[in-house]
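Common to both upcoming complexes is subunit A, partnered first by subunit B, then by subunit C.
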Partner chain A sequence: MHHPLRSTLWGAAVAFVGTGVAAQEAPSVIAVNYPLAYFAERLAGDAMDVNFPVPAGVDPSFWRPSISDISTVQGADLVLLNGAGFATWIDRVSLSRSRLVNTSRGIEDQFIVTESITHSHGDGGEHSHEGLATYTWLNPTLASAQAEVIAGMMSARGLAPEADVDAALTVLKGDLEALHQEVATALSAVVGVPMIATHPRYEYLADRYDLTITSLEWDAGAAPTEEELAQLSDLMAETDAQVLIWEAEPPAEGAAATEALGLANVVFEPMAHAPSDGDFLSAFSSAAAALADAAGDLPAN
Partner chain B sequence: MDRPVIRALSTAALLVAAPIGAAAHQLVVFASVDCEAVTVEAKFSSGRIAQKGDVRVLDGENTLLTETTLETNGTATIPLASVDHSTGLLIEVDTGGHDNYWIVTPEDIARNCGS
Partner chain C sequence: MNALYLAFAYLRYHWARSLVLVLVAALIMFVPVATQTLLSSSERALVARGEATPLLLGSRGSQLDLTMAALYFGEERPDPVPMREVETVWDSGLGVPIPVHTAFSSSGFRIVGTTIDYFDFRQLTVSDGRGLSLLGDAVIGAKVAEALGKGAGDALVSSPENLFDLDGVYPLEMPIVGVLEQTNTPDDEAIFVDIKTAWVIQGIGHGHEDVVTATEVANGTAALANAAVVQYQRITSENIESFHFHGSQDDFPTSAVIVVPNDTRSATILKGRYLDAEGPTQLIEPAGVIQSLVDRIFRIKALLDVVTGIIAVAAFAAIGLAVFLSYRLRAREIATAVKLGARRGMVLRLLSSETVTLLLIAGGIAAVGAAIVSQNAEAWTGWLLTLGA
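Right, the complex of A and B next:
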């Protein structure tokens, strides 16, 4: 039922455009992250070619596309944007507004404002800024709203049969609601339990499920430095956290170092890229279960 | 409805000063093209014009084609005849501390040149 994402076709699509062979059998969709691509695949089935162009190992938020990448994006029938400031590259290229779909329109009032960062440079003195948390899809309710926007645009543009899209949307929304119920049940055991994340990815998850997560800014995939471990230790003392959430499987030395501090390591892939195993639904469910297993017996603050 | 605010602890905030600061304090670069030239405009997200800055123009293979500087009005003009734009143009602007880019595809050039 689910179609694997056709990211491997991205290079071929670029080559077609580059050589002027632009004929496509099906309308094309470009998504700025994996969840949107997953939803589009679920909704369109075989009626559309869905691509998520960001290479593995590159943060989709800060991907810097090539000129040929943008040529392909410009040729797409729909470009699915996440909103909330996710994917900065979209502000550095010319894209037809009629093809852009802001999937988070209608949920802006649920965006989470992140606290400012104090810093200084140039002659501006010390100052700070606010931003928006971007990983909206980690709240399945918001993800469902985004899927609904995608479906609406597919139908409105006549890119896929409306009845088929509507039917697929009903199933997808049911799956997302079931996911929410499952995650809510699993994470009910960890409400109020202090946790630390190696990166600020989980704001919407925490907001939806009343989790207490304090975030660091460690490099994904890198072992923490001595200084970072010292700051982590301070943060543990400050928050009483005994669980550390990683975006991906940590390096062995990193995991050992944090275990030595008394932390239980848990991987919760935030899924801007496709998860290492399974799909959006199964990986989300598994990650929530792992988090519950790690923190479920710990005291809440 | 009140928007929730996630307050990072100061210890964590210290770790992120450089990358987040760079993103939040953005230099905004825009380039428009016609049959004659690419016009580059640069300003800060605050609205202030970038009065000084280096402009680098690269092709689709990331080969440097030419360099120039911003005028005091925050613009730079690159005549199309001066560069091989067949693979598109990547315009980079660096004001020293802030940088950003704009991508001009071959299709952008063709579209704006009426062909």
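Right, the complex of A and C next:
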């Protein structure tokens, strides 16, 4: 026989528990760049709240978080780091080690060393700062390894159901492999074709697909100065390059000036931020196709 | 009832003598109880710090030095362990490692470089200001704030490691961004910084003016830069971007690593991995080290108990003698009472009422004192222990 008071209490208890579960916030993930946020979203689905806190227009590598931003990052359940020297702000803020995930741990042997700066101070004698290329995700194979680390950590910390994460990882790795095959096919026609990039972003792309890319240090989105154009002209003469890779849509006068030098302009967004159109896979694929088209249309080809 | 009334009237009339007897009896009862309470509390406080720290990883050597440096932030300097040991524990997935770097001090208080996991682990909360956020930030314990008269918004300067090391370890000015809630533990006496800040003090990380510019790098002339440059001794919002570290973080030092295992099984597996007596590191249970130390220290407690007992017997004998002598002095008074018709039982009731009243009042005072000590034992013990540090 059911006691009405007992039924009421059970009803209230169930309602209370239900409210509690609904009110419970999903674990939060902070990523230091868009690709890691994309991988995390693909792996966690709705089980986690994934955020990429760097404002648009700010280079995520050199972001200076405010105290409030740091507080948000400190409160996250997982902080996804890229490694390879990307996001140097990490070295200057206090974060819980138990929540940090270095997604490139395990692929350090594939890092690309860029430049070396030597100096001395104090009694330490001379020492060198070894530079590393940081945009590891432009090699889909390395990106796949990073996604695997993220999935492993999500499961290990119990932040998302392991079976779901494993299933999502299998699909994501399949997508990244398909992307690699597609990009490799597209870029196979331009292997050995000299190209110039307005910024050093494409080391891993060049390394993976045997591209020949020489880099400048132009400001993203700004029209080149006379001095920079002269420098570009010299570099063209030195490398025989006829393709110029921009990381963002160039200003009209900038594009016109480089076209006047005889260069084909191509935009290949390195995707530290979300691409202007599509997602990581589609934007990467489109950019590779555009690069192949631009290089393929050259008179010499 | 009449006997009690007369006894109380007598004690009130001879108030000075009664007061002395009450105070002496109260002290005799209070001192052993208070001593026992404080000693037990001290023992608990000492052991509690050890028991609250499941495992401690450090360089092979004195376990006591390692424990004192990592748990009590003492003057001991165990050989540093490389941070790769922290990563090894992480990679094992068996526990959470928390590095503790205690090599430096400021204004007589130890600078503890750690990660913010330490604050969660010790359940430390900020009472004023905020927690650690940026490189160079310092959060101070409650006793440090009180002793130095400093709080959020002030600054501290790290002391050089030694007078002859002015060139190697630069004093670093650190802004105080927060003060911790008092915990009556050694954390009250510490200055907490991010472990990266401790590495900056050590000279592993530093900031200085740009040696090369981006254009120089682009031109390929960067590698030619080779200049002796002046390091910053204060981390500000203007120069923080220039701070960087040399070498692999795996090689950077820490004094010890607190290891919080996932469970008993994980602790057993971890301990098994550091059993090699020839290995450079050891994994110890601080509770065992502290208990062993406390056992030695508290052997003196047995001696103290004997001394207290002897003094109590002597004091009670003195009180008994004083009471007996007062009865002798009151012989004529008692004789008068008998002549007035008081029976022997009445006289005995009168005298025993006086003694019982005295002892009850003394017992009451001793009980109140013991209750106050018991209530504040934790705070007073914490104060006494940190006084020693």
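Everything that follows uses one rule, which is that the second predicted complex is superposed on the first by the 258 of 301 C-alpha atoms of A that agree within 3 Å, B and C clash if a C-alpha of one lies under 4 Å from a C-alpha of the other, contacts with A are read in each partner's own complex, and residues count from 1 in each chain.
The working rule: contacts are C-beta pairs under 8 Å (C-beta built on N, C-alpha and C of every residue); 3 or more make two chains touch, one makes a residue touch a chain.
Just so it is clear, the structure is predicted and the values come from calculations on it, not from any experiment.
Shared-chain residue A:113: touches subunit B; no touch with subunit C. Contact with neither subunit B nor subunit C is seen for A:167 once the two complexes are overlaid on the shared chain. When the two complexes are overlaid on their common chain A, residue A:95 makes contact with subunit C while staying clear of subunit B.
Once the two complexes are overlaid on the shared chain, A:207 sits against subunit B while remaining clear of subunit C.
Comparing subunit B with subunit C, the partner in contact with more residues of subunit A is B.
Applying the stated contact rule after C-alpha superposition, one finds that A:156 touches subunit C and leaves subunit B untouched. Judged by the touch definition given at the top, the superposed model places A:261 against neither subunit B nor subunit C.
Of the two partner chains placed by superposition, only subunit B is touched by A:133; subunit C is not.
In the superposition on chain A, A:216 contacts both subunit B and subunit C. Look at A:64: by the touch rule set out above, it reaches both subunit B and subunit C. Across the superposed pair, subunit B and subunit C both touch subunit A at residues 62, 64, 67, 70-71, 74, 88, 91-94, 115, 117-119, 121-122, 129, 215-217, 231. Residues 62, 64-68, 70-71, 74-75, 88, 91-94, 109-115, 117-119, 121-122, 129-131, 133, 200, 203, 206-207, 214-218, 228, 231, 234-235, 238-239 of subunit A are the ones touching subunit B in the complex. Interface of subunit A with subunit C (complex): residues 62, 64, 67, 70-71, 74, 88, 91-98, 115-124, 126-127, 129, 156, 215-217, 231.
Touching subunit A in their complex are the following residues of subunit C: 86, 90, 93, 96-98, 115-117, 120, 130-135, 137, 167-168, 170, 194, 196, 203, 205-206, 208, 211-212, 214-215, 217-218, 222-223, 225-231, 240-241, 243-246.
Remark: subunit B residues 1, 3-9, 11-21, 23-25, 28-29, 59-60, 62, 87-90, 97, 100-108 touch subunit A in the complex.
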